[in-house]
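Take this structure, written in structure tokens, and hold onto it; I'll ask about it next.
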Amino acid sequence: MTLHAARAPLGRGRTSGFYADVRDHSRRLAEPLSDADATVQSMPDASPAKWHLAHTTWFFETMILKPHLAGYREFSPVFGYLFNSYYETLGARHPRPKRGMLTRPALDEIMAYRAHVDEAMERLLAEDPSEGVEELATLGCHHEQQHQELLLTDLLHLFAQSPLKPAYGDAGPALAPAAAAPEAGWLGFDGGVAEIGHDGAGFAYDCEGPRHQALIAPFRIADRLVTNGEWLAFMADGGYRSPLLWLADGWAKVCSEDWAAPLYWEQTDGVWRSMTLNGLQPVDPAAPVAHVSYFEADAFAAWAGKRLPTEQEWEHAAQAANVEPREGGDRIARLRPRPAGAGAGLKQAFGEVWQWTRSPFSPYPRFRPAPGAVGEYNGKFMCGQFVLRGSSLATPPGHARASYRNFFPPDKRWQFSGLRLAEDA
Amino acid sequence: MTLHAARAPLGRGRTSGFYADVRDHSRRLAEPLSDADATVQSMPDASPAKWHLAHTTWFFETMILKPHLAGYREFSPVFGYLFNSYYETLGARHPRPKRGMLTRPALDEIMAYRAHVDEAMERLLAEDPSEGVEELATLGCHHEQQHQELLLTDLLHLFAQSPLKPAYGDAGPALAPAAAAPEAGWLGFDGGVAEIGHDGAGFAYDCEGPRHQALIAPFRIADRLVTNGEWLAFMADGGYRSPLLWLADGWAKVCSEDWAAPLYWEQTDGVWRSMTLNGLQPVDPAAPVAHVSYFEADAFAAWAGKRLPTEQEWEHAAQAANVEPREGGDRIARLRPRPAGAGAGLKQAFGEVWQWTRSPFSPYPRFRPAPGAVGEYNGKFMCGQFVLRGSSLATPPGHARASYRNFFPPDKRWQFSGLRLAEDA
Amino acid sequence: MTLHAARAPLGRGRTSGFYADVRDHSRRLAEPLSDADATVQSMPDASPAKWHLAHTTWFFETMILKPHLAGYREFSPVFGYLFNSYYETLGARHPRPKRGMLTRPALDEIMAYRAHVDEAMERLLAEDPSEGVEELATLGCHHEQQHQELLLTDLLHLFAQSPLKPAYGDAGPALAPAAAAPEAGWLGFDGGVAEIGHDGAGFAYDCEGPRHQALIAPFRIADRLVTNGEWLAFMADGGYRSPLLWLADGWAKVCSEDWAAPLYWEQTDGVWRSMTLNGLQPVDPAAPVAHVSYFEADAFAAWAGKRLPTEQEWEHAAQAANVEPREGGDRIARLRPRPAGAGAGLKQAFGEVWQWTRSPFSPYPRFRPAPGAVGEYNGKFMCGQFVLRGSSLATPPGHARASYRNFFPPDKRWQFSGLRLAEDA
Amino acid sequence: MTLHAARAPLGRGRTSGFYADVRDHSRRLAEPLSDADATVQSMPDASPAKWHLAHTTWFFETMILKPHLAGYREFSPVFGYLFNSYYETLGARHPRPKRGMLTRPALDEIMAYRAHVDEAMERLLAEDPSEGVEELATLGCHHEQQHQELLLTDLLHLFAQSPLKPAYGDAGPALAPAAAAPEAGWLGFDGGVAEIGHDGAGFAYDCEGPRHQALIAPFRIADRLVTNGEWLAFMADGGYRSPLLWLADGWAKVCSEDWAAPLYWEQTDGVWRSMTLNGLQPVDPAAPVAHVSYFEADAFAAWAGKRLPTEQEWEHAAQAANVEPREGGDRIARLRPRPAGAGAGLKQAFGEVWQWTRSPFSPYPRFRPAPGAVGEYNGKFMCGQFVLRGSSLATPPGHARASYRNFFPPDKRWQFSGLRLAEDA
């Protein structure tokens, strides 16, 4: 997970409460975990829960407390080496694929580290901090929220490796059982110049800006997500055995990895089950499909005679459909949705699964990374990844927004990633 | 190299001459080669010269002669299996990494295969062929031109593996020795909506269209290519040792592959030499740098405080600068170059090295691949690759144009690939 | 670690005490470990401590309690899958490289599993068990002793991955600080026919027999182990940079892995330190070198102008030198040591480091694996491994003997493996 | 293929004729090959025919002509780099996996190199050469004979990669069509001390000595090779699907490589065919099975309830059975075959397929490699390989003998390798 350069703190005095809420949320996420659960790294792409808990704390200690709190006493001199993620500017670091070797410090000690930093942060934030400190603290909280999602994502991957298929516990987020999925509706949009990117009100990561104009051709976008039931139809129709549906690299992956269903699915006695944070559960045909790669999402869209939306289309539709109440629809003066059925709008945009777009993760026009370590930097990852929009059931409340750009390589499946269809109008 | 769906044949009666010219050019390219030179595959990305010569011939035989020339006698029943490149629609094929195992058929037999197909094609084209046949023949000729460039590119890679550093021979294209490179000039452009993509006059590949409007922000672009001399300055300044200049994946490659100079460069007694089609030659500081990856081009641009152009910027600048005489400048009514110095223009756009852009290879709005085998299909490769514009010294005369989209993965270096800088205005 | 087919139980009534001692030793070895310490797998060759503790228990449950204790209640139905090591006869099993994914069951639960099985085993052994049960129980105890050594070996590897270089704790076995090492003495032996292999008195693994005659040529063997000081001289003399000293495969490993010192050695400010069960410690020149591969041992011997002993030479010298009091010297009637200095003998044969021999691990004449799961089987590993003789500081007391055949592949270094020199006489 | 240190030249005056014969044989082996056939390297284990032809010539030039023929003019200064195989003592060399990149020098030029060296060698050998020169020339001839076999072995591997399945030509050695294979007979031998190793009469490689005594237990050995028909029975009985028959490393290979038949076998319409030097041919049930690895040979023996012989057993049986006329049976005074049926003897010992033994390739007692480059050195490969005895249809006439020790890693299958069974008596 990338560290994003900060923009727009919460405003004087509100940071302290935000900080407390975010930190407490992490603490509660850790509650169901044993020391061992929190230590093991199930693959190089994933990190141990303990590492997420410590790394986010290291951020506050390194970026804020050490430079800004006089007399701050560092918790441990080796933690800087252990819990730096990838900041080349911040010196040597423990190699990523070996994060799971750190049986010590134990989870208890990590929690003590958190308490130590929290005490200092709360002191600093209570003392009328500078705007720079509030800005960094806000950034640190959003950064921690990203890791909260990753903690759950990585934990699911770990538990899925165990033949015991353990459940994460009562704290695990889950989708409410869905009734039968309704027919997908299609929202139509005229072409034109739209405003894309974060408008500066509230926090955003650097890569969400600068806000700029984008030329969009007329398009339609589905008002709901693709479901497990639809995915089963794709599978039944030979979707995983039809090379012409796939990108060349995607087909190579299908063959080399024997992909035949989404990640975590397994079939026993004719019944499909999927590993979830609540353990192995029957696949619900009405729920959105999850844990599919970009390659799979793209092949599904080809099979359906549609395509994935661009990220601009997605953002524009989300703004127009008012799916994000705090973002006024009035900002998009020049491009308006076509008349659609009463009450129609972009459903399931947030809180279920991230939605692959066909947009490679590239810089917006005039994007420049922030200087220094904080700005090391989304730009660094602008190669070989695709943008996902929306948010998932594992995303902490309040973290996502319509301009949010998540991104992952096209072959990755351990994220809570699904899709929504689009087509030219 | 991909096969592109055809558009726009040459017009009645002109195809036959084009065909003869293109086929003769391949024959001359093969002249300096021994049977062994033409057989060996130096890496999975490359193909043997013999394979290029046969595969392009197979295209005419499979797509045109078999379906359209009554009584055509297939040269050999196994060639279909041997010389299909990647068409899933056209049945099983010899695995790409094993193309170099085919010591037989010998080069002589491949040349006989070519003569056999040429005789039939010439007969067919002389007989007032259908428009469909002319269209396919035109496509086949452009397809063969692509392979002519690859034949040279792959051969250079093969010869570079030999401690003997053999020269390809007198037929090898080379850059004329340059005088000292002039200071780079900067061409400035106002922002606005530009027309991008092929306009339909003459041949183009499917991915060059549909022609469409693109919104371009004000920018400046260098009027010449980055030189070897500038690259040496980048190296001397620690460019290959500074992680902050690099994309994360690029830096990983620098480390794992020990990149410290462009591909084919080697230093002996303090002198840098580079493997070329004329053998090992001293690096000319005034010549454009070649055989650099996207990662290197991007890092160089960061080091220079600039960036790579987008493909839209490149194409717009090329159109505006009239670097392509047969493309009228009048088509870009709404976006005009700022006044630039007399005689200024986009130099070295064609015929020296391909120029990396920062644009991932993605479909243009409303792009749809052509149906059938011919359209299997640029879309298949629209993932993980970056667009290069212009053309190189190895590109056959008449093959390139301003709308041409070449593409390669960001870590590849065996192409004749260099760069031109840009910046926001 | 292989399971060996049993021979020779302890004798009626003595098994119960042996069982209690062995099981208690494992329990004490686990005491310094946290749940996380006991869970992580540091490489595919190693297993988590928890796995060793459970697998040895599974052996008793599967081989003895289920078939032989009426009314025995299995602790958990999934443990058979989780803790089978490699018995193809005993059904599917959790893949070895994923043993570290089992964060659950927790260490506490494994200890409860142990207590459950111990209670049943003690009951069974107290009830006048059959000879077959005693034989299997004896085998299970020796099997557990092997895993006790591996538990420490694997734990050291795990802790060595941590930048914290943690110490295992007070329970960790260590060599007493040595005074300066004496000059090596040489024990000479005439050639002749010697009796080799276990003589049937007491327990042995199947591969230690059948006892048989071996023809041995006259030889000399060093009376002590090669020391760290001598290894430093080898290093200083360019031992790791001289291809002619190495086996071809060994030299390839030196180059690909950048070997320049024994495993776990690191040099800081000119001082060599080595990771041990007591944490990072200065290298003691008088102590025996440890954690060297067969390749290194062989290269060192070539450098020293000597060779490694065969396993027959080692065993014969150990018998003749009376280093194993319970093995009478009178058995070797036809081959006697040459007169050696008073008090001379094979020092450091046991309890410091295993000693590589030049003998590939092959079956003794007329060796046949035992039938059934118990005999699945040393023979299975009789390919590509070399025999080590003696025992190490991590070997449990009473486990080793002169006929014991340990074996590992020639490139492995994480064992407590060193060497003793020999030469033709 | 290793270079072995020489022993025992032919005797004054006879070397010249031997040299001429051997060199001419290579020339004839190259006749059916095109430049491309002779250039391509089908895998890192194999070498191009051109390389074999040049490397053997390089041996004579480097070891004999340069030091011993006054005024000798080196053919090309770069050939020393190109055609050194692995002599660390002789300087840098072209990397083995890149031998197939050398499209130049062409086959014609290699043949000219051979003629140049032959002319000089013949001059030197005609001029009353020193004993040292004759000894080296004899060694060089035997070395070339080894490469003659490898040339064919590697060529078969290359041709097997081609869908055309080309035949090598009329010069290709092949087994005569067999009648139905007779029942295997068993030759019985008493145990005792046997003389093993070359006795010094005539040429041998260093690893065939020193001749020494070996203690052999009573055994029986099959009088003929295992046939394709027997192998088909093994396959039909699930031999490739029964893990208990296999060494652990062998079973891993079966699974990872999907072994289900010997190398080069393929089944079409229920008929098994095998690639041979005469192209794809039906598998002959009466012919000896070929192209099986040690792992397969060992598993077959386990399935048959037998075992592979040790190399000492093989050599002893071959001596006793007088299968090598020029080696007198009188040398084995102390160990004699049991009475066997009239006319019995070890059939098919030479000239069909090499026979895997269960003996790892290890040094004989008191073996010491020869000093200098010539002795770099079988010892270097004495790790991880198994000994094969006899010879194959590809072995040049007169090259093999009863004491000959061929060796390959246990997973290799591209040699002409089969097996003969044995058992304890």
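A, B, C and D are the chain letters, set down in written order, and residue numbers restart from 1 in every chain.
Just so we're on the same page, contacts are C-beta pairs under 8 Å (C-beta built on N, C-alpha and C of every residue); 3 or more make two chains touch, one makes a residue touch a chain.
For clarity, every value in this text was computed on a predicted model and none was experimentally measured.
Using the contact threshold fixed earlier, the set of chains in contact with both subunit B and subunit D is empty. Ranking every chain by how far its Cα centroid lies from the centroid of subunit A, the top place goes to D. Subunit A and subunit C have CA centres that are 48 Å apart.
Between the Cα centres of subunit A and subunit D there is a gap of 60 Å.
Inter-chain centre distance (subunit C to subunit D, centres taken as mean C-alpha positions): 37 Å. Subunit A has no residue in contact with two or more other chains. Chain-to-chain contact here is organised cyclically: the chains close a single ring, every chain touching exactly two others. Under the touch rule stated earlier, the contacting chain pairs are A-B, A-C, B-D, C-D.
On the subunit C side of its complex with subunit A, the touching residues are 34-40, 42, 78, 81-82, 94, 98, 100-107, 158, 161-164, 166.
Contact residues on subunit D toward subunit C in their complex (touch as defined above): 86, 88-89, 193, 212-215, 217, 243-244, 246-250, 294-295, 298, 358-360, 362-363, 365-366, 376, 379-384, 410, 424.
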